[in-house]
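Okay, so subunit A shows up in both of these, paired with subunit B first and subunit C after.
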Partner chain A sequence: MGIYWQVFTMELRRQMSYRLDFWMNSLFAFMAAMAVVYYLWSSIYAGLDGGEIAGYSLNGMITYYLLVILIGRLVRGSQQLMAIANDIYDGGLSRYQLYPTSYLGFKYAEHLGNLLPVALQIALLAVVAPFFLDLPPEYAITPATLGTALLVVGLANLLYFLLALPLQLVAFWADNVWSLAVMLHFVGGLLGGVMLPLDLFPQGLREILYFTPFVYLYYFPVQVLLGQLGWAEIARGVTVMAFWLVILGSVARLIWLRGSRLYSGVGI
Partner chain B sequence: MIQVENLHKEFQVHRKAAGLKASLRSLFRRETVTKVAVDHVSFNVGEGEIVGLVGANGAGKTTIVKMLAGIIHPTSGHLRVLGHEPWARHNDFRRQIALIMGQKAQLWWDLPAADCFLLLREIYQVPKKEHGEMLDFLLDLLDVREELNIQIRRLSLGERMKMELIAALLHRPRVVFLDEPTIGLDLAAQRAIRDFILRYRQEMRPAMILTSHYMEDIERLCERIIIIRDGRFIFDGPLGEVVSRFAQHKIITASLSHGGRGLDWLEAAGGEVLSQTGSELRLRVARDEVADVAQRLLCDTGVHDLGVEEEDVAEVIEQMFAEKRGG
Partner chain C sequence: MIRYLRLYLYFLRFSFSRAMEFRLDFFFRVVMDTVFYLVHIIFFAIIYRHTALVGGWNYDQVLIFVCGFFVADALHMTVVANNLWHLPEYINKGDVDYHLVRPVSSLFFLSVRDFAANSFVNLLIALGLLGWAIGRYPGSFSPGQLLFYGLLIINGAYLYYLIHLLFILPVFWTHSARGFEAIFYSVKQFAERPDRVFHGPVRLLLVSLLPFLLIASYPAHVLLGDFNWSTMTHIVLVSLALTLLVLMVWRLGLRSYSSASS
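Here is the complex of A and B:
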């Protein structure tokens, strides 16, 4: 375990050495996204004359987006997504092949180390946000929902890592897999409730989506946090997540075993 | 410590002609070519031995090293390093080897060397005390203690290479692969690294395989060399034997008092003038012509001294590489 802790803190130290860039980037990206959400939905709701959309008030809608954007960051981590594909592409994998440790364990620890500064930002925002936004009455964030949501976000983070992993490993065959990463980001965002709350989707489609992993990346953790789900629903969701974790993990393992035989360690 | 039998590696390479049209076509149909990188080679390396692997670019040196280190999978053949099959990448195996790549930075770019070494201590699970001792030993030997807390990317190439060496040797590997360790370095740094490798070998007695483009590295460090061409070994033996077996020429030096007049017959006799500075003439002469040429030179009254030497080993080996292109 010592190694992974070291990797985790090392990645953290590395992040900190570029702190200005880091804060500017994430702060601006966040503010831009929130501004778009605010103006877009304000004008949509203005035409409705105080009504609701799929059970959301304007305030509720904005709260939803705020949380989905923040939780999305925790789930996806920062730009590390294609680190493994890059290692395969440029031969950086070679050195990890030499180390007596698990490469994927190493990468996941790095990924988590990347996440901590994001978590700090979110904690900071959580302190500031209540001054700007009053939580609509239909939402109930309690210590219990917060604790459960943290666990679910942890699982969702692993789920996203394992969803991206098989795509990244395609790099053993194809030199460039950026398009797959973009696709995952887009499809995950659309079907996971980042672009629109899933409540706006037709009922039939929503029921199907609950069997896919995407819902559990963003929509599900937000609903857990907001106290919208009962324990039975949460348990069912976590079971589906566990199922996908096992499936994706096995698929990744299989692809790794076949693909790494093709690895040629370019660049040395 | 290293046993290799019939090792073979082929790569599938996509081939694409230049130009947009060819690029578009390659989206649908790609032509693959099988390229043999290493062609059924066998050799052994024992404890404390430094073996030089020499060959032109693309001869297959690095591919062999990568297979020995477990980075790439051999197509066929039998391979044992310290009793392990490298490709299985058993942790017990990986704890005992090191690979140093002169052309590829292995350390974490944004961190100071001290942090990298700390991480490596965790990776290799070296006890704190042992790690500290070894680090002190290596830092003094390479004289880079001052640079320990500077980000790797801010170091000069020579300093960085020294840090790479330290990083690779901190866990006292028993088998060390050095791939072009002195590439791009100035002469002083090259010498420092060579001396270091010799000292390290003296103390630790690892088996080492060294690839390099600099013949000087090979001459200084290796008693035994393997010359590789197109994936096949064309020589495996003591460095000294290369010259006696492969040199087709000898070098004759003559001191002249008449500036070389009347020596037009030399070329017809198979002599090639390498240089003529003042009264000193250097000739390359085919081995079986040496006696003849020397005799005729001695008969020339203008010649008052004559020497016959073996050809430089570097030149002999270079000629061996060049033969590939000829035939």
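Here is the complex of A and C:
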């Protein structure tokens, strides 16, 4: 366990070596995303004369996006998800075979090390946000919903890692697979509720989406945090997440076993 | 000029032959951009289930705007994006040296030498989608209007390139891995929404120093009947001013550049 902790802290230090970049990129990315959301939805709601859209007031919609953007960063980490594909492609995987650790465990520890500065930023924002954010009455963030949401976000982070993992392992056969990770980002953004709350989708489509892993990446953790789900719904959601974790983990393992037989150690 | 054209033809030949060597990557990238287009069309289709207008445009009009943006984006991806991706690496490793000694503009060479053949297929798909959006529009357009719109979209792609460069060139001073490119990918979302949803100082910024709204929104307005000379003058002046600004930053950057491992 100690070695994984070392990897975690090493990655954390690496992340913080360009502090100006890190803080500026994070801050501007957040501000730009929120500005686009604010202007777009203010314009749409202005045409509705104060009505609601799929049960969301303007304030409720902005709050949803604020949380989905922040939670999305925790779920995705710092976009280091091509590290495994790069190791396979350029032969860097070879050196890990000498390490007394599991390669994928090593990479997940790195991924978590990437995540800590992001978590710190979000914690700071969470302290400041109540001074600016007027939480709509329909939302109820309590210590219980916060604690449950943190657990669900942890699972969602692992789910995202395992969704991206089989795509990265395609690097055993293909020379360049970053476009697959970008595709996951697009599809996850739409079907996971980052681009739009899923309540705006047609009812039939929404029911199908609940069987996919995407809903549980972003939309589900936000709903848990906002106190919109009962314990039974949370338990059902966590069960579906666990199902997908097992399936994706098994698929990744199968691809890893077959792919590593092809690995030549000198890059492609 | 002829020398630059001949050079560019060599770039094209080399890029296509290299793309054919990596066929699976070629296929993945075509699928990736197709997914990007679908995701954006579905995004607006769902929004229009709940409202009739966004930024003063109905669904038919917004489709022309969105597909126009796809074309500008695909042009950017095809002609310059690969090159801009590698630019910070060249600056940090001192590889710009090789381009400074060539008898052509270093900025031209570094911006266009890698033509993305796979994105060229996406450009064709984006053009097809734009044709579809224009075809299903209830009104009609003259060939002159369409040609003029096409020129404005090409100018939009050029502005897209200039803004992208503005976010990368600080790497001359920061020496970081990617400059402020992550910020660029965040703020470019402004170009993906109808311009009339933005107002106040943010709008002023988006039509001047960071003219994202001139990439696809203004051309769509011109096509959809809002043509006026002040809009045209605005587009031309901003394009010229941004060109001068980027050239100035590039030259300042080169002065700070200290070759290998700078």
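The definition used in the following text is that the second predicted complex is superposed on the first by the 266 of 268 C-alpha atoms of A that agree within 3 Å, B and C clash if a C-alpha of one lies under 4 Å from a C-alpha of the other, contacts with A are read in each partner's own complex, and residues count from 1 in each chain.
Keep this in mind: a contact is a pair of C-beta atoms (placed from the backbone, for glycine too) under 8 Å apart; a residue touches a chain by one contact, two chains touch by 3 or more.
Everything numeric here is computed off the predicted structure, so don't read it as measured data.
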* To do: Please work out whether A:10 is in contact with subunit B alone, subunit C alone, both, or neither, and reply first, second, both or neither.
  => first
* Asked: For A:44, is the partner it touches subunit B (first), subunit C (second), both, or none of the two (neither)?
  -> second
* Of the two partner chains, subunit B (first) and subunit C (second), which one does A:25 touch, if any: first, second, both, or neither? -> second
* Asked: In the superposed arrangement, which partner chain does A:189 touch: subunit B (first), subunit C (second), both, or neither?
  -> second
* Have a look at where A:176 lands relative to subunit B and subunit C in the superposition and call it first, second, both or neither. => second
* Asked: First (subunit B), second (subunit C), both or neither: which does A:99 touch?
  -> first
* Taking the superposition as given, does A:261 touch the first partner, subunit B, the second, subunit C, both, or neither? -> first
* Structure fact -> The answer to whether subunit B or subunit C touches more of subunit A is C
* Figure out whether A:2 sits in contact with subunit B (first) or subunit C (second), or with both, or with neither. => first
* Share the list of subunit A residues that count as touching for subunit B in one structure and for subunit C in the other. => 18
* In the complex formed with subunit A, which residues of subunit C make contact? -> 22, 24-25, 28-29, 31-32, 35-36, 39, 42-43, 46-47, 49-55, 174, 176-178, 180, 182-183, 185-187, 189-190, 193, 196-199, 202
* Asked: For subunit A, which residues count as touching subunit C in their complex?
  -> 18, 20-21, 24-25, 28-29, 32-33, 35-36, 39-40, 42-44, 47-48, 53-54, 173-177, 179-180, 182-183, 186-187, 189-190, 195-196, 200-202
* Tell me, which parts of subunit A touch subunit B in their complex? -> 2-3, 6-7, 10, 13-14, 17-18, 91, 94-95, 97-101, 260-261, 263-265, 267-268
* Asked: Residues of subunit B touching subunit A in their complex?
  -> 11, 62, 66, 69-73, 89, 91-92, 94-95, 97-99, 101, 103-104, 106, 108, 110-111, 115, 118-119, 122-125, 151, 179
